Amino acid sequence: MEDIKFEVKHLNLYYGDFQALKDLNINIKANRVTALIGPSGCGKSTFLRTLNRMNDLVDGVKITGEINMDGKNILSDKINTIDLRTKVGMVFQKPNPFPMSIYDNIAYGPRCQGVKDKKILDEIVESSLKAAALWDDVKDRLNKNALGMSGGQQQRLCIARAIAMKPEVILMDEPTSALDPIATQKIEELIDILKKDYTILIVTHSMQQASRVSDDTAFFLLGEIVEFDSTLNIFSNPKNKKTEEYITGRFG
Amino acid sequence: MKRMHSKLRIDAIFKTVVFFFTCISVIALAAILIFTLLKALPLFKEVNIIEFITSDVWSPSTEQFGIASFVVASILTTILACLIGIPVGLYTAIFISEIAPKKIASFVLFAVEILASIPSVIYGFFGLTVMVPFVQKLFNIRSGTTLFTASLILALMILPTVVSLSTSALKAVPKTIDEGSLALGATKMQTIMKTKIPYAKSGILTSFLLGLGRALGETMAVMLVAGNANMMPQLIPISEAYLNGGRTLTGNIIMELAYASGTHEAALFATGVVLFIFVCLINIIILRVKRKGVAHS
Amino acid sequence: MKKRTIMDGIQYLFIFLASAISIISLVVIIVFVLRKGLSHVSWDFLTNSFSPSDPNSGILPMLVGTLYTVGVTLLIATPISICSALYLHEYAKANKITEVIRFAIDGLASVPSIVYGLFGFSLFVTILQPFTNGYSILSGSLTLSIMILPVLIKTIEETLKTIPNELREASYALGASKVQTIFKVILPTSLNGIISAIILAIGRIVSESAPLLLTAGMVYYMPEGIFSSSRTLTTHLYYLASEGVSDEQRAQAFATATILILVIVALNLIVKLVARRIQKKVG
């Protein structure tokens, strides 16, 4: 139960001269939901994107320190980022389905890995959509363009698309910030189900969401982790004054 | 794991291929400069460069090569074309971006796009069949193939360049600029003339200069209506220059290249080099203007 | 206050006058050419061969020559342009090399077409004659393909810019490689934009004349292949306009101009339609 998925040691990240992450040390536990909270620009999203090396795509980023995933440093040059990203999936702020059919969206990742067998793909599509609680909504229109779905459905499609890769970890960067309350509720229920099989990290702006969905919570401020504890402790008994001020809404 | 490595290798190979194709543009530009210059070089064994530019005697049969009269004709047509085309173009741009209702604006813009894509041969043909007789009657002169006619056609041809680029420059002016001026009690027209145009200055100026470049480099249309007489335009009075035929730099090249050889051919390439230097000068000014524009905002 | 309104009024007058000139000149050119040319356009005119002495001459060889030129030029220029746009938008970092490349592309855009003609003449027609057969469709197309590179590259790059970065990230996050992302997401998504860039380029190729005169020559026979010298519609119109003296040839000139205008207007309309389709898809 207490398996550690990510062991982060002295992680620093610079955009050119600007230091966005300052000496982070944190252990993320497996099969739990960890929420990353903090005001805008505090580095929580940046941190999330180091876990699947999405920051590699940004010009002028420099990273030092270690992130050990199952004992292997994923920041090492020897790590194949393509390989890493199949193990660490990601769901973005705004739903971003590809402009193709629902089926092709889900099959995209497996196909990129060279899966061609139609039967296997069919199975992956069905099981992924079921896992994302979307199967019943869309099973009759798998060949319709994904852009025709509602925002909430699109986001669940993006989650299904990530699940189709059978990842170990799912990173969620404010996954409900573009959705209405009902769609948000559905996503949160989904997260609760998914944590049995996956390690989930979720960046969120909403304190309520963090307290509802997460087991652990890390509070970020100005590129540092101010406090990291179980969600229960953070919200009922924060040790740091800044944390308390933030969760009670005194700044943000 | 093996499959992963091959993916990264494909990525690297593809990047190299794409980069190689991208370099073709660089190689092409270099090749254009080198070949044109190399072909022009033999001329200067026979004729010195000052004489080439300042002499108005162009007589291939006696090996005399001076392009002064073509330079003057090019400059004359370009200036008049700009004097007509630029104001019309700018005012049309104001109409499109500021005054016309959306539907009409997009229609005018579409018309301008078509004007831009009509082949220059058709402009020349239209000039030859309509403008030349018209000019002849208007001024009651012997022949309507004149530098004035060429200027009129060129004015028409640079119009789309000026209109479309000025329109986008004006459209890029932020709304807050308008509002600031209107809130101070300026009329709409005052806002356009005194606030928006100065704000969009660098873009508008760029459109003028690109129009200028187009007029200078245009070949076929000018050649069909300018008469191509190999003689120095008489500058005093200026009407004398415009109401007679003349040959521009571009016209000189296209008229004679097919049957030229030796020094004659080199002289035509040198004419191209001179034209290219003019165009480079315009481009340097454009770069300056753009840089200034960036510094302003 | 009064003076202000008068000044404004004068400005408005100028603006309407200028816009009227722009529109009217377009209408006059098109109407004039079509009115005199349409009556001469017939099936025979489109399918007959040409001879200076034959009053029933047609333009079939020039139509074929134009098609050849468009085809070969696009065959050369399109892959180069797509690769260049991909490199500039998906790979290039902000460094000296990129600056040089962008400078070169801007430079190519500002070279006057007659200088392209000189260049094509010296390189493709003269030096590479053993490969291009001198004045030929191939020489002309090679010259034109360099000439249209800047337009093609710029328009395709603009299309790539409209693809939201989220789509690229989504693809990478699913473990796709860069090549997979380019071929499965970026190129399919920008297909309409690439098509309209190509149509724009076709317009440029069809309109061009000066460089072709110096590189493809003026032979009016039916081209036998890319190594034949050939006339396009524009160079043919130039010939008819400058040397055609008989009434018959005048009529042929107007008819050729009519065909050119119809093609150009059609291409512009297609670009508009494709653009509208793109907008619908995105919006």
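Here the chain labels run A, B and C in written order, and each chain numbers its own residues starting at 1.
By definition in this document, contacts are C-beta pairs under 8 Å (C-beta built on N, C-alpha and C of every residue); 3 or more make two chains touch, one makes a residue touch a chain.
For reference, the UniProt names are A = Phosphate transport system ATP-binding protein; B = Phosphate transport system permease protein; C = Phosphate transport system permease protein PstA.
This structure is a prediction, so every number in the text was calculated from the model and none was measured.
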(request) Show which chains lie in contact with chain B and also with chain C. (result) A
(message) Can you identify the chain nearest the overall CA centroid, using each chain's own CA centroid?
(response) C
(request) Just list the two chains that share the greatest number of C-beta contact pairs. (result) B-C
(request) Select the chain at the greatest separation from chain C, using centres from the mean of Cα atoms. (result) A
(message) What's the distance between the Cα centroids of chain B and chain C, rounded to whole Å?
(response) 17
(message) Rounded to a whole Å, what is the gap between the Cα centroids of chain A and chain B?
(response) 54
(request) Determine the centre-to-centre distance between chain A and chain C, using the mean Cα coordinates as centres, and give it in whole Å. (result) 47
(request) Quick one: which residues in chain C touch 2 or more of the other chains? (result) 177, 180
(request) Send over the residues of chain A in touch with two or more other chains. (result) 82-83, 113
(message) Using the touch definition from the top, which residues of chain B touch two or more other chains?
(response) 7-8
(request) Quick one: which bits of chain C touch chain A in the complex? Just the residue numbers, please. (result) 93-94, 164, 166-177, 180, 184-185, 188-189, 281
(message) Residue numbers of chain A touching chain C in their complex, please.
(response) 52, 54, 57, 59, 82-83, 85-86, 89-90, 92, 94, 96-100, 108-109, 111-113, 158, 161-162, 165
(message) Per the contact definition, I'd like the list of chain A residues that touch chain B in the complex.
(response) 80, 82-83, 113-114
(message) Quick check on the complex: what are the chain B residues that touch chain C?
(response) 7-8, 10-11, 14-15, 17-19, 21-26, 28-32, 35-36, 38-39, 87-92, 94-96, 99-100, 108, 110-115, 117-126, 128-130, 156, 159, 163, 187-190, 193, 213, 216-217, 219-220, 223-224, 250, 253-254, 257-258, 268-269, 272, 275-276, 279-280, 282-283
(request) Going by the contact rule at the top, pick out the chain B residues touching chain A in the complex. (result) 1, 3-5, 7-8
